[in-house]
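The data blocks that follow each hold one structure.
Both of the next two complexes hold subunit A, though its partner changes from subunit B to subunit C.
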Partner chain A sequence: MWKLLQIELYKIFRRPRTYIAFGTIAALIIILQVGLKLDGQEYLDFMLNSLSKFDVSGTVLNGYMVCYVTLQMLLINVPLLVTLIAGDMISGEANMGTLRFMLGKPYSRSQILIAKFLAASIYTFLLLIWLAIFALLLNLVIFGTGDLMIFKSSYLVIINHDDIFWRYMGAFCFAFLSMTTVAAVGFLLSIFAENSIGPIVGTMSVIIFFTVISTLNIPMYNVIKPFLFVTHMNVWKEFFDQKADAHNVGIPGTLQNPQRIINSALVLLAHIVGLVSLAVYIFKKKDILS
Partner chain B sequence: MKKMLILLFTVPFCFLAAAQDMTDLVKKVKTKLDQVNDYEATGVLKTDIVFIKAPVSKIKVYFKKPDKFRLKKDGGISILPRGGVSVTVTNIVDIASFVALAAGESTVDGYPVKIVKVLPSDENNEIVLATLYIDEKNVLVRRATITTRENGTYDVSLSYGSYSNYGLPDKVVFSFNTKDYKLPKGITLEFDDDVKSSDMDKLKNKKGKVEITYSSYIINKGIDDSVFK
Partner chain C sequence: MQNIISVTGLTKQFKNLTAVDNLSFSVNDGDVYGFLGQNGAGKSTTIRMLLTLIQPTAGSINMFGLDLQKSRRQVLQQTGAVIEKPDVYKYLSARENLKLFAALSGIKPTQNQLMAQLDMVGLSGRENDKVKTFSQGMKQRLGIAIALIHDPKLIILDEPTNGLDPQGIADIRNLILHLSREKGKTVFVSSHLLSEIEQVATRVLIIDKGKKVIEGSAQELFDPSQTIVEVDTLNNETTLAQLQQSQWQAALQPRRSHTIILKLNRTSIPQLHIWLVQQGLQVLSVQPRHSLEDLFLQVTSGKQHVEAFTN
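Right, the complex of A and B next:
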């Protein structure tokens, strides 16, 4: 199994397209960093415009804040980058005509498929580590540390600077779960296609379709929203809210809604297990002709 | 009949004159506060504002005559109602020209106080009206209601301890109405929390509070102007 995983990882990282995602993330973050470093005050003034009746003092535009802005922007687009690889895992082999040859190895179809999915998950993990290095660590070096101020839809949260890092670790772990779910969708669709364009476009269409449904505030759709994986993909933001006492004083080290994080993580985990199991089931029964 | 008429006209003026004569008391407070040229205070800031969730934080407060004021949180962000916290009792009693009218007597935290309405003569002064609850015996302002031109009305409650000789409080509580304050939706694309707007409207009618508890003061040791920039 380990040998299979090594082979799959070698295949992924041998392809130039794998590095497009890493390059895109680095380029986007650097552009954002340059923009905020040179013109951050204007962005900040716009953001704090709503607090015109308050005096806000301290370094609002610090590394933690820039990282939060970066994640908000990028975690919407990272699924596309994950799909580029996950959607190609089986269909790519079919396209190159190596699928039958691959299945001739002394491994079961389940083992081959699980090794491929694990390789796609490791790619997703490395992509998020890359994102963390650029979005968190590099921003902390450039912009420094400080308290994190976040505007929620109806209130504002300030988190102490010594209470933030673990929240980012939690958020990145949660993002990994979300992106692995996307990878699982791409992986499943990859079984049905003979080239990678179909699964990539298909996965993005599924995400867009479900995202639109999950943002519609129509009672009929509210019933299905909790079962859609896209509804849970944004729950990483829950790590950046804390409980408050009866006097609205934030309690450091707490999460406002830990149960929501657990529930969403379980839903995503169930999706991953369900989608991969379905992929294995279908693949085992499939007639491989390419 | 003539005597009656004279009495009828003069008595109200006598009462009025007596009612207006609170300038001396305000000046006494000013003399006490004038001992302080500058201070650096260490304390704890607690905000109780319905739409702000902020933890209790350690702060440093700097003051320098005549009106320089700065609150700093080490490596952190502090949000305070504009003008509210920085308008101190010193600012009120430092008004160059004002009218101080007596408005009765009361008790604050068990201390008997004189209620004094302070009206600045200068129409452009940021403070429009201040009601001071002055503890005449200890020459301390125990409470104040301040109406400002730009930043609305707020109440200030002051508790004193070891630094009462200088007129500096151990604890200050600022209260203000939060109904006029609003946050725009969508600045960070956050639309997903479950708070109903009707609930938020109810909450907005609550009073907001900012509480500063001072643990120590360093008085008249000189503070560089760069601190206030």
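Right, the complex of A and C next:
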């Protein structure tokens, strides 16, 4: 299995297409950084319109805040970048004609499929590491540190600057789980297609479709919302909410709703296991005609 | 002699189409086994079943004395295959592709072994070039190098001369003969180029519409005393009239087109040629036709196609 995984990673990272995602993320973050560095105060003034009596340590427009803004914007787009690779894992090989060569080798289809999914997951992980380097570390270098102010729908959260870093680590781990779920959807669709366009478009369609359902406040749909993976993809934001004491001051090291994070993580994990198992089950019976 | 492949009652049904129908055959150790059939006859489907790419609807496949379904890994470790148009990773070089597929076969060849393999298929000098710059023929050669990299006992080649120029076709023929005679490999080769199969095969199986039509050794199937010869002269009517009044009369066959057909011993062809010239007939060609081609057309539905075309 280790050998197969090495081969799959080698194939992924020798393809020029792989680096499109890394380049796109870097470009988007740099554009955002330049904009906020040059004109960030105006953006901040707009957000802080009616809020002037809060005690914030350091600069408000600091690296932690820019990172949060970046993640809010980018984690909507990263699924597309993940799907570019995950949706291509089987269908791309079928299209190239290499799938039959591969399956004629002395490895079981289950081994090949699991190695491919693990490779797609490692790619996703590295993409998020890359995102973390650019969105967090680079922003800290450019904008410095400070307390993090987050505007929730009905309240404001201020997290002390030395209580933030672990929250970002947690958020990135959760984002990895979300993106791996997206990869699993793309991977499953990939076994039915003979070119990568179908699985990529299919995965994005599934995400859009479920997102629309999850935003509709209709009783019939509310029943199924907890079971849709898209409902849980934004739960990384829970890492940036903390418990407050009697004076409404945040308690460092706490999470407002840790159970929600755990539940969502379990739902996403169940999706990953279910989707990959289904892919293996179908692929084992599939006739390779391409 | 050990059976390398033993297929019994193999059937593959795709919805309403029976692609392979109750097919049985066996390939012995050291055979160059020619697998013939028209397009759509079921050759590729059969080969894909031998490589577990397609699940049979019915029947059994034993290879190296092992049940293919139960011992897939052991069987495929001893098998190398090129299926139809062999496509490899276009963004990798020939050497990188070879190394990658060697790793998939569980071996780690040295640089010298990789180079020797590429040299054998005529790709030395292009080893570091990306495959996207290769012609179809070069990809075909690389596919064969990949099939052989782990030194398999059985080599399955599905239309190995597709996309090759005449020199490439001759090279593949020589390679098959080399693998069989010098290295003792068993080769299972399908092709639509009947003359190629005729020159290398020790045994031949012809299928039509998924069913076995004929199977036998090359000697049994290609009888040199029954060679079909096609004669073409400037005036075939005069030539035919003279042939009917000569010692060649018994060899004359019904005409399918404007040329004259005779069936005679291969050794008699030079004498026929001399006789035609001595009679002052202006000879355009005396062409022995490939006996396998005739056999093929006789036993498959191709016969009807040819007759429909020539009538």
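For this structure, a couple of remarks:
Rule of thumb we're sticking to: the second predicted complex is superposed on the first by the 282 of 290 C-alpha atoms of A that agree within 3 Å, B and C clash if a C-alpha of one lies under 4 Å from a C-alpha of the other, contacts with A are read in each partner's own complex, and residues count from 1 in each chain.
By definition in this document, contacts are C-beta pairs under 8 Å (C-beta built on N, C-alpha and C of every residue); 3 or more make two chains touch, one makes a residue touch a chain.
Just so it is clear, the structure is predicted and the values come from calculations on it, not from any experiment.
In the superposition on chain A, A:Q41 contacts neither subunit B nor subunit C. In the superposition on chain A, A:V157 contacts subunit B only, with no contact to subunit C. Of the two partner chains, neither subunit B nor subunit C is touched by A:S277. By the touch criterion stated above, A:T145 is placed in contact with subunit B alone, subunit C being left untouched. By the touch criterion defined above, A:N77 lies against neither subunit B nor subunit C after alignment on the C-alpha atoms of chain A. Look at A:N248: by the touch rule set out above, it reaches subunit B but stays clear of subunit C. Set side by side, subunit B and subunit C differ in how many residues of subunit A they touch, and the one touching more is B.
Contacts of A:N222 after superposition on the shared chain: neither subunit B nor subunit C is touched. By the touch criterion defined above, A:Y10 lies against subunit C but remains apart from subunit B after alignment on the C-alpha atoms of chain A. When the two complexes are laid over each other on chain A, subunit A has no residue in contact with both subunit B and subunit C. Interface residues of subunit C facing subunit A in the complex, by the touch rule stated above, are 48, 51-55, 72-74, 76-77, 79, 81, 83, 85-92, 96, 100-101, 103-106, 143, 146. Across the complex, subunit A meets subunit C through its residues 3-4, 6-7, 10-11, 14-16, 96-98, 100-108, 285, 287-289. Put simply, subunit A touches subunit B in their complex at residues 47, 50-60, 68-69, 72, 145-147, 149-161, 163, 215, 234, 237, 241-242, 244, 247-252.
Contact residues on subunit B toward subunit A in their complex (touch as defined above): 46-57, 70-73, 75-83, 85-86, 151, 180-193, 195, 197, 200, 209.
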